[in-house]
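Listed next: structures, encoded as C-alpha cells.
Heads up, the next two complexes both have subunit A, just with different partners, subunit B and then subunit C.
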Partner chain A sequence: MKYLLLIMSAIVAIVSFSSVTIAEEKEPELAELMAEYQLRPHHRKLKFECVMCHEGDDPEEYEPLETENCLTCHGSRQKVADRLKFMDENHTNPHNSFHDGLDLDCYECHAEHEEPANLCQECHTTDNWMNEVP
Partner chain B sequence: MSEQNTRRNFLKMGLKTAAVAPIAAIPFSNQAFAATNPTDIQWDEEMDVLVIGSGMAGMIAAIRAAEIDATAKVVVADKMSRLGGSSLISGLNMAVVGSDMQLAAGVKDDSWELLLEDIEREAKGYNHRELTKVAAQSTLKLYNFLKDHGVKYDQSIGGGTGVKDLGGHSRARGVWPIGGGTEVIKNLQKFCKSKLPNVDIRKKILLEEILRNEEGRVIGVKVREKYRFNRKLKDLGLNDRIEENKSGKVKYYKVTRGLVMATGGFNQDREFRGSEIGTMYNAASTTQPGATAGAIKAMMNAGFKPIHMTLFRFAFPIPTEDLLWGILVNPRTCERFVDEYNNNDRQAIGMAILEERRKIDGEHTVLIYDQNGADNYHDKQRFHLSMEGKNGTNGTIWKFDTIEALAANFKMDPAKLKANIEKYNANMANDNDEFNKPKGKLKNSTSLSKAPYYAMQLNPRYNYSQGGAMITPQAEAVDVVTGQPIPGAYVAGEASAGTYGYIRLTACSTIDCGAFGMRAGENVVKQKPWA
Partner chain C sequence: MNKKVFIFVLIVIGGLLGMGSSLIISEVVHVTGNAEFCGSCHSMEPMAKTFKLDTHGGNNRHGFVAECADCHLPHDSVLGYMIDKTAHGINDVFVETFTDVDEIDWIARRENRDEFVYSSGCLSCHQGLLDKTEAENPKSLQTHAHYKKQLEKGDPIQCVSCHVTVGHAGQLRTELNKLKPEFSFSDSTESH
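Take a look at the complex of A and B:
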C-alpha cells in the first residue's frame, strides 16, 4: 500500500507539472469518485484518498477491505477490543463479545462508503448499552 | 403436482443452470441433474470430505470424520464471515434421555421410546419414524460427545439438578450447555484447532453448485471464495442471486469421499418461504441472517429430494401457554380474531395473526392482559424479560394504568376497544365466547377488568424449517428420481428433513443436529474415493 502511495504522489507530481488540460481531466474524475464514495467523518477529517486503503490502478477493480487491511492502521483485534474494555464487564464489548470474542470482521458493522449497521441490533435492543456505530 | 411434472421441472432447472458439460445428461433424460464429466473441470483444490455449514451439525460431522481417519483432509466451509450458523445465537436446550444429571435428579424411568412418543405427538404423522427413532435413540451419545469435546452443562438450572422439565416432554430431561450455542460452537472450534490438524475451517465460501458425475455420485462443488453476504438487502434471500450479490471468486473443489450439507434452514428468505406459504412473507425470524434458500436450491438443482417444504415452526417471544390469559385484537377494528387458547397450537395462532396482519397492511396485532393475566403467567422469567425490553425483536411488553392510555399507545380507538373488551367479558361470564375459548382453562382470567393493563405487539417468529432435503437413517441424501441414496452426499441438521414433521418439539433441534451430524461424519469418511 505504501508503494502505491508513492506511485500516486508521483502521478500527482507529474500531473501538476504537465499541461493544464491533463490536470483538469484527472482532478474532476477523482473529485467525482470521492463524492460518490464518501468517507465516515473520522476518516474524512484525516483527508484520506482512495489509494490509502485500496490497491490497484483502476478504481473499477477496487476490492472491499478485509479486517487485516483495517488493522494495518488500527493495530490488532486485541487493541481495538481494549479501547472498549470498559464494556467487558457486562460482556457487551462488540469487539470482544460473548458470542464472537475477537473473531468478528470489521465490516459486519463498520462501513466506509455506506451507512454502518449494528450487528448486535439484529437480535438485541442495544439503546441502553451502545451508541451508534461510528 | 404429479410426479411427472416434478421430474420435468427438476430436469429443466438442472439443465438451465448447469455450468459444465450438460451434454452427458441427455442420453439419461430421466435424471434429475445435469451430469458433470470430471475431466472437463479444472479443479482448484482437492479434499476428502467437504462440510458445508459451520453450525452444530456441520462441526460434529467434521469432527467425527476427522477423528475416525486422521489422514482424511476435512474442510468446513461457511458462506458467512461469522461462523457457527444459527447454533451460535441459539439457547440450545437439549433433550437427553439417561444423562448422569437426569439420573441424579431422580428421573429413572425415562426411555427413548417415551421421547419418541413426545416428538410424535407434535409430528402428527408427518414424520418418517425411522429417522425420528435415530434422533430419539442418540441423545445420550450426543450428550457424551459434547462433554468429551469441551462442553460443560449448567448444573444450576432446574432447581440445582441441571435438568429442566420442558413443555411437551413427559419427563424432565432438558439439559443446557453453559453459555448455550455460543459455547458449544466455540468449544468444537477450539477442539479442532488444538486436536485435529486435518480439519480446516473456512469462512466466506458460498456453495454455488453440487457436481455429480454420470453415475450420479457427488464429485465436487463449485464455490465462490471471498464471498461477502450483504445484510442490508431487503430480502436476505436476494444474496443468492448473482445480479444482487456477485462478490467472490469462482473455484472448483474436487471432493473425493463425500459432501456433507449442514446448511440450516431457509427461514430468512422472504421470497422462498413466501412462495411456500403466502402469509409467511411478513413473518419475522430468529435465525441467523444467512439462513436463505441458496443451499436447498443447490441441492434441488443437483437432484436431492426436497420434502416438508411448507412445514415450519413458529416461536413467540412469550410462551404459547401464556397467550390465553389475554385477548388478541386487530388495532384498527379493535376486535378479536382468534381463540387465544386454540388448544395451545402455536402454528394456528401464528397463522391467524399473519393472516390478520395481511388485512391491515402488515400492521401489528396487539395482545392485552390485565393484572390477573400477568399473575397467571407460568413463566414469570420471560414475562419480566419482556417488561424490561430484553426479549428480542417484537418482544417488549408495556404497562398502562388505563385502557385509554393503552389504546392511545397503539393508536387504537379507546371507545371501540372498551366496547369489545366489555363484549368479551360478558360473553365469557356465560362461557359463550365468540371464538369458543374455553372458560374452564382460564383460572381467574375470565375477564379483562383489573388494572393495570399490559400489552405487546405479538408477532410469530419463524424459527425452524422442518423442510429440507430428505435423508435416510444413515444421513444420506435421496435422489428425487430414483428414490435411492445419492453416493457421496449427506445432509444433517435443519438442512435435512423428515425427523420432525408438523412441528418440532422443543429442545430437539440439537438432537437432530447431533444424531445425523455424527452419522454423516462417520459414513462420509468411510466412502471409497471416486478419484
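Take a look at the complex of A and C:
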C-alpha cells in the first residue's frame, strides 16, 4: 500500500511538473510567433492576438485568410469600397476598380505579416491618386 | 427681521437661484450638443452632413437620432462631462472665430479619432453590448470580449479604434475630399 501511494504521488508530481513546463513553454512560443508574424500598424494598435483572425489552438495549423474572413470584421466588399467613394469619380477606387469592380481579393494588395503590394502599380503610376497600401 | 427668518429667506432665495441657473445650464447643454447646433459652424458642415447619413444620425428604421455630444464628450461623470463641454465650447468658439478653419487638415485628424470619440459615450447608450452572448455577427462577440479583456488588463483600446467610420456612415473622408482633395488624380499614365 505504501509503495502504491509512493508510485501514485510520483505520477501526480511528474504530470504536474510536465503541465507547468508545457504552460511555461507555450507563452514564450506565442511571444516568439507574434514577434515573427507581426501585424500591420492599424491592427497592431488594436492589440490583437493570433486567434482574432486564425482559428484553432495550434499555430502550426493556422491557414492564410480568405477575403471572407477579413469581411467578418470589415463588413462587406461594398462597405469597404464606399469608404473610398471619393475615388469613384476618377475610377481609381482600388476597392471598386475599373478592372475588377468589387471582385478583387484583399490579399491581392494587403498582407498582414509582410509588406503589402500595390497591384495597381504593376501597370500604373499611382503617386497622384493613391496613398501607400496600409 | 430676526436672524432665523433672514437665514430661511436666504436659503429659499439661494435655492431658487441655484435651481433656476441649473435649469438654464441644463437647457444650454441640451441645445448645444446636437448636429443642428454643431453643424451651424462652417467647419462642421461635412461632419453634420455625413452624420445624418449614419444609423446614429437618424438613418435607421426607428427614427432614433443621437447627438454629437453623445459620442464626442466623455460620459464617465457629470462633472467630467461639464468640464470637457466647457473646454471644448471655449476652444471651438475661439478657433472658429479667430483662426482660419479651412487650414485644418481634418482628413489627417481622423487618425486621432481615439482622442475625440469616447467609449464611455458609446457604452452609456449601448449598455448591454459587452455582455451579449448572441449576435447577428458572431465575430462581434469575440472582438467585444477582446475590448473587455484589454480594459481589465489596464491596457484599453477604444470602441472607435475598430469602429473607425462610426457616426458618419463611412462617408466623412469622401465629404472632406470635396472641400480639400487628397489627390490631384492627374498623371495616371501607364508605366508600361
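Keep this in mind: the second predicted complex is superposed on the first by the 111 of 134 C-alpha atoms of A that agree within 3 Å, B and C clash if a C-alpha of one lies under 4 Å from a C-alpha of the other, contacts with A are read in each partner's own complex, and residues count from 1 in each chain.
What we mean here is this: contacts are C-beta pairs under 8 Å (C-beta built on N, C-alpha and C of every residue); 3 or more make two chains touch, one makes a residue touch a chain.
Since we're looking at a predicted model, the values are computed, not measured.
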{"item": "Which of subunit B and subunit C A:Glu36 touches, first, second, both or neither", "value": "neither"}
{"item": "Partner chain in contact with A:Asp105 - subunit B first, subunit C second, else both or neither", "value": "first"}
{"item": "Subunit C versus subunit B, contacts on subunit A by residue", "value": "C"}
{"item": "First (subunit B), second (subunit C), both or neither touched by A:Lys79", "value": "second"}
{"item": "Partner chain in contact with A:Pro64 - subunit B first, subunit C second, else both or neither", "value": "first"}
{"item": "Contacts of A:Glu132 with subunit B and subunit C, given as first, second, both or neither", "value": "neither"}
{"item": "First, second, both or neither for A:Asn90, with subunit B first and subunit C second", "value": "second"}
{"item": "First (subunit B), second (subunit C), both or neither touched by A:His124", "value": "both"}
{"item": "Those residues of subunit A which subunit B touches in one complex and subunit C touches in the other", "value": "123-125"}
{"item": "Touching residues on subunit C, where the partner in the complex is subunit A", "value": "137, 139, 142-143, 146, 150, 155, 157, 161-162, 165, 170-171, 173-174, 177-178, 181-192"}
{"item": "Partner subunit C, residues of subunit A touching it in the complex", "value": "45-48, 52, 72-73, 79, 82-87, 90, 92, 121, 123-131"}
{"item": "Residue ranges of subunit A in contact with subunit B within the complex", "value": "64, 98-101, 103-105, 107-108, 114, 117, 119, 122-125"}
{"item": "Subunit A-facing residues of subunit B, complex", "value": "81-83, 88-89, 179, 182, 186, 228, 231-232, 247, 286, 289, 389-390, 392-393, 396"}
